[in-house]
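Consider the two complexes below, in which chain A is the common component and chain B and chain C are the respective partners.
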Partner chain A sequence: MSKTILKAVVGLIVLALLLVIPKYVESPYALHMMILLFLSVSQGQSWNILGGFAGQHSVGHAAYFGVGAYTTMMLMHTWQIAPWFGVWAGMVLVVLVALVIGSICFRLRGPYFVLASIAVAEILRLSAINLTTLTNGAEGILATELPAFKVAGVVVTDFSTKVPFYYIGIFLALLTLGITYWVQHSKLGYFFQAIREDQDAAHSLGISISLYKNIALVISAVLTSLAGAFYGIYVGFVDPPTVLGLDVSVQIMLICIIGGMGTLWGPVLGSLVLVPLSEALRSNLVTDLLVRGGVVSADSRVGIFLKENLSHAHVLLYGILVVLVILFMPEGLMGFIKKMASRRKQEAV
Partner chain B sequence: MAVFMQSLLSGILIGGVYALIGIGLTLIFGVMRVINFAHGDILMVGMYLTYLAFTSHFGIDPFVSVLITFPLMFLFGGFLQKVFINRVLNAVAQNQILLTIGLGLIMSNTVMLIFTSDYKILSTSYSSSTFQVGGGVSVSVPLLISFLITSVITVALYWFLLKTDTGQAIRATAQDRDAAQLMGINVKRMSIIAFGLGSALAGTAGALISPTYYIFPQVGSVFTLKAFVITVLGGMGSVVGATLGGILIGITESLSAVYISSGWKDVIVFVLFLLVLLFKPSGLMGKSRT
Partner chain C sequence: MAILEIKNVSKFFGGLAANADVSFSVEEGSIMGLIGPNGAGKTTLFNCITGYYPPSKGEVIFDGRRMNGLDPDKVCMLGMVRTWQKVRPLAKLSVVDNVMVGALAHTSSLKVARAMAMEQLMVVRLEHRANFLAGGLPIGERKKLEVARALATQPKLLLLDEVMGGLNPAESEELIQLILDIKERGLTQMVIEHDMKAIMRISDRIVVLNSGEKLTEGTPQEVVSNPDVISAYLGESHA
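Entry: the complex of A and B
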């Protein structure tokens, strides 16, 4: 019991610290990093519900992310509908898309499901490129002018700084974390996990496979679309490759793989690893370190080459990480930690 | 009518190359039950090998370079199987898929680091030359040559799989891995050969399309997806099915580019894919799954 209380206290302290950060930290870059982290956590948790708990490994989550982002941005850009209304339209649309996908894909198992989920996301990406009147095609939608958010006529925020985005981000991350916790501990979640462990056994025990798979998909898709809408209004720009591309799907999945699928803290851990690492590569931090550490000189051919190219290669790191994780810790970081802990316990005994 | 015949013909010609890609993927799946998500990236490596051979001071013609690409890619595939894929043969499906996705990302991004992400064009003297076959229908010379090479390779492959001992051992492994092992077949070696062959076929396809296609590090994902559509359409694991599927997808693309629009042709292919998954997931030549 005391352990539970300890956990709760630590959690509350961390939460309180996170909530007051914008009061003391003014650097927009630091806030930006935190926002990316929250976005990544909510993406990962959303995928985790379908992939981690229900065991349906979708490689097409870009579909929901993109539909959420595009709907919100299109409504804002074309009809000046504020994103906090537009996001609901996005969610409704995503539920429809998810149900269509579910009715096609859930008749299939294993590799067939993965392939179908990719195909649907690709259809949406290509449609976004081709439906130029609706989506502005490959050029994407640029909409950076956010209306002020008012409650009862009082302006709460006009989105001139990153602080409101920080709080929206933290809300999203907590929301997805909360829903994951609820799924993990509810009857619904037990059904999901039963399907994951043995579909046929679950079926023979009277669990409606397609019903619960679809429920998992809809929860996961709606949360992903929220993350997509948030990404859209935060960046102020969406185009087909950045929100609907296959890379997006892989990236979302990766957060869970690295952290540990089907665990509450896996996606958080995965985000804590992935976001700083890819940012360090993107911002040339790694090259700077190598130069400063005297490994390569900045003017040498290697130094110039690294400076010019390494920032584009953060995906290379994703690839290496995936291969290493699958080969050496297929349960992700969470599984690795648990294994270490249990080994320690055994040694102590 | 001329337009129809024209697009049908180009569809069949490009379909030959697609068949090669599909056969490679289906061979790997048949023997190891692993879906190779790096297939398009292996093809991309083949394209860059061809590009290197062409731009080196030997100036090797892309179609001649198949002779180099095929064995090199065979070794590369065998290496991938021995070092990486072999370790996840008994793992759950998603781990196999993720591993190959990771390998694909490593390939495409390493190539990007070396060659940058600029589009490269391999322009030969015959890249855009055509000849008339009558009735207003013309044939692109590079497409025709690549189709002929594809046919030779496909026939050789059929002969290899049907008539040679190794080929029969590969088919036996695909049919029942455990039974094959009990019969004294070295299934590990067969897996290496299968992955090597699959990669060699993908690399060769890359070499063959390089005179008519842009070469860039991310080109692979397009072909990975296409390869899946082809193999599922033909029936996972069926070499004949993949040959048919390749030609069919080639024709579908070519016809929908002419009669609908070139922007939508890939959408049509994916919709076709979903329809196959919905109504006949075992594919054209596939046996019904248990």
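Entry: the complex of A and C
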């Protein structure tokens, strides 16, 4: 009992700290990093419900991310519909897309499902490129002017700083975390996990496989589309590769694989590792550190080589990291921590 | 009264008749044994009854209802549940969570499901393992877990596919006791088993399958003294 209270207190303190950060931190870059972190958490949690709990490893979540982002952006750009209304249209559309995808792909199991999920996302990406009248094709949609958000005529925010996005991000991360918690502690979570562990056994115990797979997919897809819409309005620009590309799907999946699939905190841990890491690699922080630490000099051939190439190598390093995690922590960071904890407990006994 | 009627069920895989024209019925409250040499079509028949395969021909009538073409989950909800010859624990869930999945077939409350699950774990005497991971149990306890999980769905008919396979004599004895206890509570059972001594002790009637066809049916005594059965198991010269 005291342990739950302790957890709740720690949780509330962390939440309170997160809520007051924008009051004291003014650096837009720091806020940007936090927003990326929240976005990553909500993406990861969304995928986790289908991939982690129900065990359906979709490599096509860019489809839902992209549909959410595109719908919201298109409505805002073409018809000047504010994103907080547009996002609902995106959610409805994503449910329809998910049910169509589900009815086709869930006939397949294991690797076949994975391939089908990739194919569907690719179809949407190619459609977005080619339906130029609707989506503006490969040029993408640029819509940076957000209308002011008003409640009863009073302007709450006009989105001139990153602060409102920060709070939307926190809200999304908490929403997905809350829904995952709810799923985990309900009949749904039990049924999803039963399907993951053994589909035939689950079927024999009265679980309608297609019904519950589709429920998992719809929850997962709707939450992913919310993240997509948020990404769209935050960045102010969407184009096919950035929201519908295969690497978006892979990125979403990696958050869970690295953090720990089918756990509540896995996607949070995964995000805490991946977001700073990819940012550090992208901005060539590694080279900077090596140079500053005197390991290599900036003018030497190695230094120049690193400077020129390391920032492009972030995908490579990412890949190496994934291989290492899969080899040494097959259950992700969360599983690794749990294993360590239980080992320590055993040693204590 | 017959709770399950199997009428002329056949199942073909291409040209192979895994079941050919099998008919029998199971009386409510009884234990029906299903025996036969390897490849006789016992598990295929279970799969036809529980919705994993649609029968190619014939009818399965359970509790007055035609079951052909129903999915396994519907079959379970109507009160017929099976266990697996090759056990299928939900490995990463705890023992009690495994049984709860079964219990959740008829309730949405985790609290109620947990209580029901603990009750079934007591029945199979596995309550001391409630919080262990199912994947870590030894085979004897996995078999019991299968039974508890099936019982938790509140079935009217329990189909046990070789629950004693791979067990040592002491463990088999425990399962025989368990099956008899379950019968005591009025639950109808159909049992596939290779252990002849066990099947003789528990069954009220026995159906013998051979090469997909029903060879004979009767009380355990009738079945073992039937020359056809002996020749099917031991070859012509012993009959």
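Observations on the structure shown:
We take it that the second predicted complex is superposed on the first by the 349 of 349 C-alpha atoms of A that agree within 3 Å, B and C clash if a C-alpha of one lies under 4 Å from a C-alpha of the other, contacts with A are read in each partner's own complex, and residues count from 1 in each chain.
Everything below uses one rule, namely that a residue touches a chain if its C-beta (ideal position, glycine included) is under 8 Å from a C-beta of that chain, and two chains touch if they have at least 3 such contacts.
All of these numbers come straight from a predicted model, not from anything done at the bench.
Shared-chain residue A:Ile129: touches chain B; no touch with chain C. Of the two partner chains placed by superposition, only chain B is touched by A:Leu327; chain C is not. Once the two complexes are overlaid on the shared chain, A:Tyr318 sits against chain B while remaining clear of chain C.
Touch criterion met: A:Leu246 reaches chain B, while chain C stays clear of it. In the superposed model, A:Ala202 lies in contact with chain C only, and not with chain B. By the touch criterion stated above, A:Leu285 is placed in contact with neither chain B nor chain C.
Contacts of A:Val114 after superposition on the shared chain: chain B is touched, whereas chain C is not.
More chain A residues lie in contact with B than with the other chain of the pair chain B and chain C. When the shared chain is aligned, chain C comes close enough to touch A:Phe191, but chain B does not. Those residues of chain A whose C-beta lies close enough to touch chain C in the complex are 185-187, 190-191, 193-194, 197-198, 200-209, 262.
Only residues 35, 84, 87-88, 91, 93-95, 97-99, 101-110, 112-113, 116-117, 221, 225, 228-229, 232, 261, 263-264, 266-267, 270-271, 273-274, 277-278, 281 of chain B touch chain A when the two sit together in their complex. Considering their complex, residues 57, 59, 104, 107-108, 110-112, 114-116, 118-120, 122-123, 126-127, 129-130, 246, 250, 253, 257, 309-310, 312-313, 315-316, 318-323, 326-327, 330 of chain A touch chain B.
Those residues of chain C lying in contact with chain A across their complex are 50, 52, 71-74, 76-77, 81-82, 84, 88-93, 97, 100-102, 104-105, 108, 110, 113, 149-150, 153.
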